[in-house]
Structure formats: C-alpha cells, structure tokens
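Input: a single structure, listed below in structure tokens.
Going by the order they are written in, the chains are A, B, C and D; count residues from 1 in each one.
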Amino acid sequence: MQHKLKIGMIGAGRIGKIHAENLMRLPQVIVKSVSDVEVDAIREWAAGLGIGIVTKDYREILSDPEIEAVFICSSTHAHTQLIAEAAAAKKHIFCEKPISFDLEESKKAVKAAEDAGVKLQIGFNRRFDHNFKKVREVVREGIIGDPHIIKITSRDPEPPLREYLRHSGGIFIDMAIHDFDMARYLCGSEVEEVYVAGASLIDPVFGEFGDIDTAVTTLKFANGAIGVIDNSRKAAYGYDQRVEVFGSKGSVVVQNDYPNTAEILTSTGVYRDKPLYFFLERYKDAYVEETVRFVESILSGSDVPVNGYDGLQAERIAHAARKSMLEKRPVSLSEIP
Amino acid sequence: MQHKLKIGMIGAGRIGKIHAENLMRLPQVIVKSVSDVEVDAIREWAAGLGIGIVTKDYREILSDPEIEAVFICSSTHAHTQLIAEAAAAKKHIFCEKPISFDLEESKKAVKAAEDAGVKLQIGFNRRFDHNFKKVREVVREGIIGDPHIIKITSRDPEPPLREYLRHSGGIFIDMAIHDFDMARYLCGSEVEEVYVAGASLIDPVFGEFGDIDTAVTTLKFANGAIGVIDNSRKAAYGYDQRVEVFGSKGSVVVQNDYPNTAEILTSTGVYRDKPLYFFLERYKDAYVEETVRFVESILSGSDVPVNGYDGLQAERIAHAARKSMLEKRPVSLSEIP
Amino acid sequence: MQHKLKIGMIGAGRIGKIHAENLMRLPQVIVKSVSDVEVDAIREWAAGLGIGIVTKDYREILSDPEIEAVFICSSTHAHTQLIAEAAAAKKHIFCEKPISFDLEESKKAVKAAEDAGVKLQIGFNRRFDHNFKKVREVVREGIIGDPHIIKITSRDPEPPLREYLRHSGGIFIDMAIHDFDMARYLCGSEVEEVYVAGASLIDPVFGEFGDIDTAVTTLKFANGAIGVIDNSRKAAYGYDQRVEVFGSKGSVVVQNDYPNTAEILTSTGVYRDKPLYFFLERYKDAYVEETVRFVESILSGSDVPVNGYDGLQAERIAHAARKSMLEKRPVSLSEIP
Amino acid sequence: MQHKLKIGMIGAGRIGKIHAENLMRLPQVIVKSVSDVEVDAIREWAAGLGIGIVTKDYREILSDPEIEAVFICSSTHAHTQLIAEAAAAKKHIFCEKPISFDLEESKKAVKAAEDAGVKLQIGFNRRFDHNFKKVREVVREGIIGDPHIIKITSRDPEPPLREYLRHSGGIFIDMAIHDFDMARYLCGSEVEEVYVAGASLIDPVFGEFGDIDTAVTTLKFANGAIGVIDNSRKAAYGYDQRVEVFGSKGSVVVQNDYPNTAEILTSTGVYRDKPLYFFLERYKDAYVEETVRFVESILSGSDVPVNGYDGLQAERIAHAARKSMLEKRPVSLSEIP
C-alpha cells in the first residue's frame, strides 16, 4: 500500500480552497485537516470535500504527528509566525506569496525553515503555466541565444476592493511580485537595479493609500539583460498575462489564453471572445501543478521548484521598486539589504 | 446527506478508464464496480482508484440493486446485447459510439432502452468541446444567419493497428461517425444525402480490408445547407479537428488547440509546437463534461444531451457514406431504412 | 536605349483599366493604344494616363505594326474572335478568363494562337498571389509530401447584378473557374472527375437563370488526391480566399489578407477589421505580377506562366461541374471532349 | 490640363531613390531634376526613370524657378544648410529625419522655413503605415479610452556598418527617433520625462563609439500616460515593429507584417516565414503615402502631416534619452532647451 502524505491547510479563503481541492485529487495525498479563523464559514465546504478535521486553531494541525506538510494560505500578516511554528513542528511548508511585507521578517522565516530542515515552497504559481514554462525551456536550451530584453505584461481585470487595498502592501509587493519572480525565472539571472515610472490613472483610491495602479518597471540583470514589466490594476478586457524574451539568436513570445478559438466574421468585423477572465481561470492547471510538484519534492526528497530564496529575492525587488517609485530614481538592489 | 449516484463500468479499456477516472472526481458519484474480460489487467488500476468491486462478469454489476447507471465501454460487438440487458435491469446507460455495426441491431437496442424507460446517452464527446460548443451557440443564436456551408476537418495523427482495422467497421462507422454527429449538431438539421470521394493513399492495409484512409464527404441537409467533411487517418502534425459554419450573415471558424501559445522567431523562420496530439489531449475536458451532463440528467430527470436517436442518425449517415463509396454515387438517406 | 514593348488594350472596363495602369508603370512597356466600344467613356481616363491612341475600333490596334502585344479585356463573347484576329496579326495575346463559354470555340482560339506562333496568356491572376505562390512552392518542394487533400474556399462579398448574371455563363465558368485553375496549379495534377452539391440559398435570381449561388465541388485528381472547393456568391464579411493542401508529410494553410493587423480588446470582446474587400484589393499585387510575367515572357522569349491549355482545362472542369449539377452525379472529365 | 508639381531631389542615396521612384508614379508630379555629390553613380538610374536634369550641384535645382518643392535626402550633416537655402529660394521642403544632430541648428532650420512661408515635412514615414494609422485612429476615436500605457517594439535586423555608426549620432537620434515620434503620435500628448536603461550586448563596436545597441526607454507623457520603447540593433528574425496602446477602456495591438500567411504543419512543428525583412519591405506603402500627402498639402494648401515642430520634439526626446543614458537618471524634457 502506497504511503499517503497527510496535509493540513492553514487558511481556507479563496486560494486555500483551491489548493485543498487540487490536493484532494492527488491519489498520494490526504487533506486531513483545515483551520480558518472563520471556521463556521468553511464547515460545509470541508465536509463536502471529505476533510475530516475542521478547526479554528491551526495549532491543532501543527501538533498532529500524522501531518507531514502544511499549506499556509492565511492573510499575509500571519505568514512568518506560521512558518516559524510549522518549521518548529517539523512540517514541510507551502506558503503563499509574499512571505511578508517586511524583508527582515521574511528572512527569519526562511531561515527558520532551513534550520529545521523542512521544505519551504513559495506560491509563485505562474512558473507552472504552460506558456511560461515553454518560454523558460526555450531560453534554457539556448534557442534564442543570450537574453537581451525580457518583457512582461501583467494586468488585472479589476482592482481589489478598497478594504483589501488598504492592507495590500502596494502594487509591487501585492501584484507585481509575481512578475519580479517571473523575470528572474525567465532570464535565469538576478536583478541588480530597478526603475519605476508609475501613476494613479484608474482610481483615486490608490493615491489615497500612497499606492499606484499603473506601472512600467525597468530591470537590469546581472547578465546584462534589460527587463521591462508593465502593470495595470484594471484591463477592461480581462486578465492580460503575456511574456517575451528577446535574445541574440531570436525571440520567444507567448500570448494570453482564450476560452475558445472561435472567430466570428460578420458584416461589421471579426470578433472573438475575451481572454480567460482572471487567475482562477488562467492558472487553473498551474495551481494543480505547483501542488503536485510540492508533493513530489516531499515524497522523493528532491528540492522544491520555488524556494524561500526565490521568495526573498522577489520581495527585495518589490521593495526596490517601491523605493524607486518614491524617490523617482533607479534603485540598486544593493540598497535593499 | 447528498444522494450519491452509484455507477458500474462495463469494459475498462482506454476509454473506459478515462470515464471511470472522470466519474471518480465528481462528488455526487461513486464508481462502485467495474467489469472487464481481462479482469487481471485492471485490478491494480481499479484498486488505486478505490473501486471496490472488480469482476470478469458484467452481470454482477447489472444485478446489483444499488447500481443506477452503467457505462458500456466494451468492444462495439457487445454493445447492443449489453444495452438490452442493462435496460432490462433498469439501469441508465452511457454507451460508447457506435451503438453497433448493424443499424437494425442498433435500433432494437435504442428501443429497448426507451421501452424500459432508462436514459441512454451515446458517447459523442466532441459536442462538449469548448470550441465546437461555441460554434453551435453562435449558430443557434442566429449570429451567422441561416447556415449555408458546414465544413469539418477531422484527421487522426496515426492510423489504428492492423488488428483493430480488421474489425473497425471501416472509416465511416469507426472514425467519421463523430463528424456526422458534429455536422447534424452544428447545422441543426438532418442530413438527406451523402456523397463520398475516397481513396487509400496512406497504407495499402486499408484497401486490403475494403476500407479507405482518405475521404471527402459531401452532405446535403434538409434546411438546404451543404456540408463537407475531410477525413484522413494520418496527419503528420497530429490531431486535426477544425470546423467552420458559413451562413447568410457571416461565418464562425474554430482552429485546433495547442499545448502553448509560444511563437519562436529565429533566423530561419517562426515556429510553434504542433497541435495537441490526439483525442485524449484535445478532448480531455470534453470527456469530463459529457459524464457530468449524463450524471446531471439522471439526478435532475432531464433529457440526456446526446440520445439514442442521435446515435442512430449518425450510423445511418455512416452506412449511406459507405454505400456511396462502394457505388460511386450520391446516396439518399431514404435508401438507408 | 532599351527596347520598349508597345502594347494595345482591347476593352477598357474595370479589369482592362487595371491592366493598363499596371503596364504603364513598367519601364520596359508603352501602352500605345486602347479601344473600347464605349470609347467616349474612356477618353479622359486614357488621356490622364498618357495613352496616345483611343479608338472605338480594335482593328486600328491590330493593324498597327508597332504593336507587339494586346490585352483582350472585352466581354467574354468577343474573346475568341479577337484572339483569332490578333493571332492572324501576329500579336502576342493576354486574354481574360474564360476564353469563351463554348469549349470548341475556346479550342479553336487556342489553336489559332499556337499556329500563329504568338504567346497566349490567360488571366488567372490568383496564381500570382503571395499566399498561393507560397503554397505551390511548398507543395513543389515536397515539404508536405504527396498531396492528399486540396481545399479551396472562394466566396465573393456580393453577387453580381442581375444583368451580369443573365450572361455570366453560371457560377462555374464565371467564378469557380479561378478555383479550378488554382486546384490544378496547387496539386500539380489533372482533374479526372467532378461532383457538385449546389443550391440557391442567397437570392432566387440565381434559380431564375438556372444558376446556383452556393456550391461544394469535389474533384478527383490523376495523382489520387481529392479536392474540394466551397463557393458562395455572398460572404457578409467580404472576400474569402483561403487554401489548404494536406499531404503525406504535413499540411500548408493560407488565410485571408487583412487591411491591418490591429486587434482591439475591450470589455465586450476582441475585434479586428474584416478581410480585404474584394479582388481589386486582395489581388492588387497579383495583377501587377501577371502583367510583368507576360511582358517578361515576350521580351525573353520564355513560356507564359499560364497558357491556353490551362485555360482550356479550367473550362473543361467548369463544364463538367455544370453537368454534375444538372445530372446530380459525379462526371468524368472524359465526358467533356 | 492639370497643373503638374515639379520637384527636385537633393541626394539620391537609397532613400532618395525610393522617394524619386514613388514620386514618378504620381500623375500630378514631375521629378525634374536630381543632384548628388556622387553624380556619376546615379546617371543611369536617373535616365531610366526619365529624370531630365542630373547635376552635382544642388544649387542648380534651387535656382530653377520651375521647381516648387525639394526632397532633402542628403547626409544628415547637410540638412540644415540645405533647408535654409531651399527656404530662401521659396521651395517647399521634404526633409529626412533627423533634421540635424544639433537641436539649436534644427530650430534655426525650422524657423527659416516658417519665416519663408514654405512647407516643411519631416520624413517620419511610419506614421503612414497601415497598422500604426489604425492604432492612432482607434486611440483618437476614444475606443480604448484614455491612454495609460504605450508600448513600442522597434528592432532592426542588422546593425549598420562601422563607418555609418561612427557618424550616426547614436541609437537615439539615428534609430529610436522614429519611435519617439511614434510615441507622441499614438499618445496624442507630449513627452515630459525620459529614462533609459541601455547596454551594448550585440557588438563591442557600439561601446567603442560611446553608443549602445540595446535600450529600454521609459517615457512620461503630459496626459499621465507612460510609454516604453524597446530597441535593438539586431533581431535575428528580421525587422520587428510592433505597437500597443493600452487605455482605460481597452487595448489596441498591432503585429508585424509577413510576406504571406502560410502556415506549414509537419511532424516537427508549425512553421511560417519570417516577418518582412527591413524598412524598405515593411514601409513600402508608407513611403508612397508620405510623398502623396506632402504633394497634396502643397497642391491643396493644407498643413503637412508631420511638420518641423514634430521633428524638433522627436530630437528633444532623443537628446534627453542620450542624457539619461549617460547620467543614469530620469531626465526631464525641460532640461533640453
């Protein structure tokens, strides 16, 4: 009889639920328990999924000797404390991004996991997207030669609610952090300098919180390549997630995914449906694959595909970007300790 | 506690396994038992999936009062006998295409299900494909006006093995039957006449069995539209499944699905990966949806989305196509009783 | 000083004017004279272009010893007479399609040119289209192996006027003749059998003249390939001219041309402009190239790229198609003498 | 008899020849004379085209009272002197970009034309490209709302020769100046700040001349929009000229032009030809249209579509970009007097 990995979920909001549902479909996994501060809101969902233990207190999960791994999907503020406790309890950890809003705290959390000898995977789900994986593969195989220019388009269909924005940490740590990780991943080199041209063009609420809603961020990489990311909090046509890597021997470009390939031609023009609406639709399979890869790395003892260091580096870039936005100048990563 | 539909699988070859795995993921379903003539070959698979009962004798399934529905995924030769017995046992039936190679037998099977008052769904999975559903929706809504020309491209990446071909029933009942159903589905009208221009261009084995490997089939519909299907048993670049409906107000066209959207531009040209390889890749989600829809129709008491009549009509067209191929003339559907 | 080829235009309707304007731009050509039955209607146009001689009587052109070649762009009824006279006058001939509505007359005209030793090029302009030339090149180089299926989509944006239709000769000799030539050109083999499924779906005027407006024509080629052409006299979205050749090693597919590549994404979908409107827009460059190639073949003494035999073969297929439509059966080309 | 505009060409290198050939095809224009420092090298070309006067001395053109307009296509160093003399001679002027390498000199030249009351059009040919015109039209009509992000990709297929580079003025004034004009044109607003991240990644020769070969330039516009241009002197797959404008209500994106639409599918993948090779191929029709528009503006007395002010603004941005590159900081346009 195959060994089944028993997993506990800490936090069952939108993203926690997705991870739980994906994990339940893996034959080598049992989602044994789930905790959430609003425990009553998740009871029916958990029962339907067949999760045996539903609790308000995540310590119940951490103290369960059968549990080998936890998914930390709570609000960001609780991440580092939970990582520290989970590491102390010798549980492997999957933690959503960002690790925290404070780089020093994030470092301590990563170190805690390292010292405890447990795996720590950060939820940069986009690395597992079919399009971006292909781009990385093409770059890695040298098909386009040395990377010269990395371009990332990353726009959300709708800004978050005002209440979320108040505590989001700002566009860089909340949203663009995915793109900073993607830039490192695609380029295969570290970012050394960041420059931001940003503006609040969509909604004055961003300015109210000292935040912006539109940003063009330039990155300089150690290997000489230049990156550029354009972010918007609101694309009228839906989620826009495209990437291009241009190199000495050519270029590789990926487009958005669409719900179908239908083109409708009429007397007034040619039409097609909008791209897939948002991350739940676009990254459905990527969410599955990141959990599969996490589970595999535990079962096989191999490295996780996105580790704590990756989480820290993306956070450093996000902090440099914010500094650049505030000080209106290029900021070296060396300024972010 | 929600009622769970208990289902038995009759036949667990490639397609039977897919249906079983998809059904297992539906919270409202339990796959209780599975039968196969080569029972030893499926034991491990069934255990891994948690199917409790594994038997060589499908009668064990049919006599189980808890079982409400069966999936008939045996070889085609056994379909009608199994339908008759399942209907007598008052089980709802999902049956793979074609119902049989003999139209009279197929009719009897459909009638048996009707008389017994059980649902009978035929496995025309392509109706549930995201692209073809969109085409049907556009046609139904009148966006392209009255259909004038229906074009279907349907090519396999590889011909079946010689042993399969010997008993396949020929290209029309084995392969193009999907396209005949698709043509009716998209056009929303019945086929009245069939003309085939066929040839054996890929492998002499087809000629050996009185079969062809390449066919262009013209259809005339009751609503005046004209259809054309081009089939090949071997497309070097993989599965080719495209459709176009042209009407009085415009046209709707769908292309193949690809594993990613990456375009690679180098000094020698622009490249992208081939389309998804074959039906398991291309119709993965369509297989899921056809089982969901079957289960829903049982649980809600609604009609199945593809019924026995649909199965018979597609078979009639297939028989007319074969007759046209042999007699080298257009054949009216009225010649096929 | 370079020798300049002096050319006379016989007929200056829409297509004659295009040829004259294209010829005027060739440095090695002088358009010396033009004749038209409605001579007053073309005087201003001819003067603006700098054509010195404008006449009602084409014999003035044929009797001019300086004229080396003529373009016959009159109404189809006059073609064969004009070819015979031009051949007798030892002028090289470019003649619009079809040569005539009567195969015997067409043959005589082709023979007259042959006997006189003058070049005769038929106006199958589509062979010079950038897309179709590429398809032919790919087929000729064997990149897709042996051709198995040739697919041609050919739809006009608007049906001709009633008065034109009355004398058009019907959809096959008037419109689909281009596609019959294209099928031979792309396949590199002769058509042996034709089957038509046709209907009058757009306008009852077609039925009134014993004509149809919608046709799906199946072709069998000597090399075993099967062709299929779908024609419509009215595509709501404009001119639709696509081609695909599928072979043992792959496929080559070309799409329509568009006025620009712009995609507009908004909250209601993704839009782009319609394809280029009609033949003047789509085949602008192809018209230029066919005249360049005609002039070159005269100046260099090489063969014309589309000769009288090509004209006759396309007409034979058109006659077979009409016979198939009337007799509702596949018609062998051997039935068309 | 229609008045014919007599034009003289000053400079008949590659671009001068193209303008002359395009002008010769306009019925309302006579190219009367051409001057070039290497006069012997152009005699045959001029004769073939029917240009009557070929001279080494451009003053012969300027002193010809019949000449109404001149095309200045000499080397950049001579532009301002030629503009001043042509203006003094009351000739309308079409001048290639950039006006000069020195902003003060450029201003004087523009003023000279203004004071003389002659038209001055600058050769920003890309504004007349079918794709970019469509983008501008979509933006102007408000279809995508207020512009938020303008993205321009502009990459050459091959770097210029070393000798050219030595006197090119650097990537910004030589190459990216087209993109700076395009950014203003598409956004409909003025640039206020420029930041450059640049590198020499292709060939050390660029560094030798204090130049770069790869640049990502961020622009801030008066209307709040942010622009980003990525330039490379060498794209292995050919000329890359794409644009996107993203706004509050949607986005408009244009792709490269290709020599044909053929897709070739084989067992190893899907292939198509590379984009059109370079500016002569890509902007063939745009070059025609810019000369047509210049001629029209003279004949009708209307404004030229790209005037001296447009030339100066693009130069200011180019100087700001160079300053940003050298000083590694965002540079305000107000720093460039």
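By definition in this document, contacts are C-beta pairs under 8 Å (C-beta built on N, C-alpha and C of every residue); 3 or more make two chains touch, one makes a residue touch a chain.
In this text, all values refer to a predicted model and were calculated from it rather than measured experimentally.
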A-C or A-B - the one linked by more C-beta pairs in contact: A-B
For chain B placed onto chain C, the superposition rotation in degrees, Cα atoms, nearest 5: 180
Computed distance of Cα centres, chain C from chain B, in Å: 42
Distance between the centres, which are taken as Cα means, of chain C and chain A, whole angstrom: 58
Rounded Å distance, chain A centre to chain B centre (Cα mean): 39
Per-residue overlap in chain A, given as positions that touch at least 2 other chains: 235-237, 249-251, 265-267, 273
In the complex with chain B, residue positions of chain A that touch it: 2, 25, 27, 48-49, 130-131, 133-135, 138, 143-144, 249-257, 259-267, 273
Contact footprint of chain A on chain D as seen in their complex: 145-146, 148-149, 151, 153, 155, 193, 195, 197-199, 201-202, 214-216, 218-220, 224-228, 230, 232, 234-237, 240, 246, 248-251, 328-330
Touching residues on chain A, where the partner in the complex is chain C: 235-237, 265-275
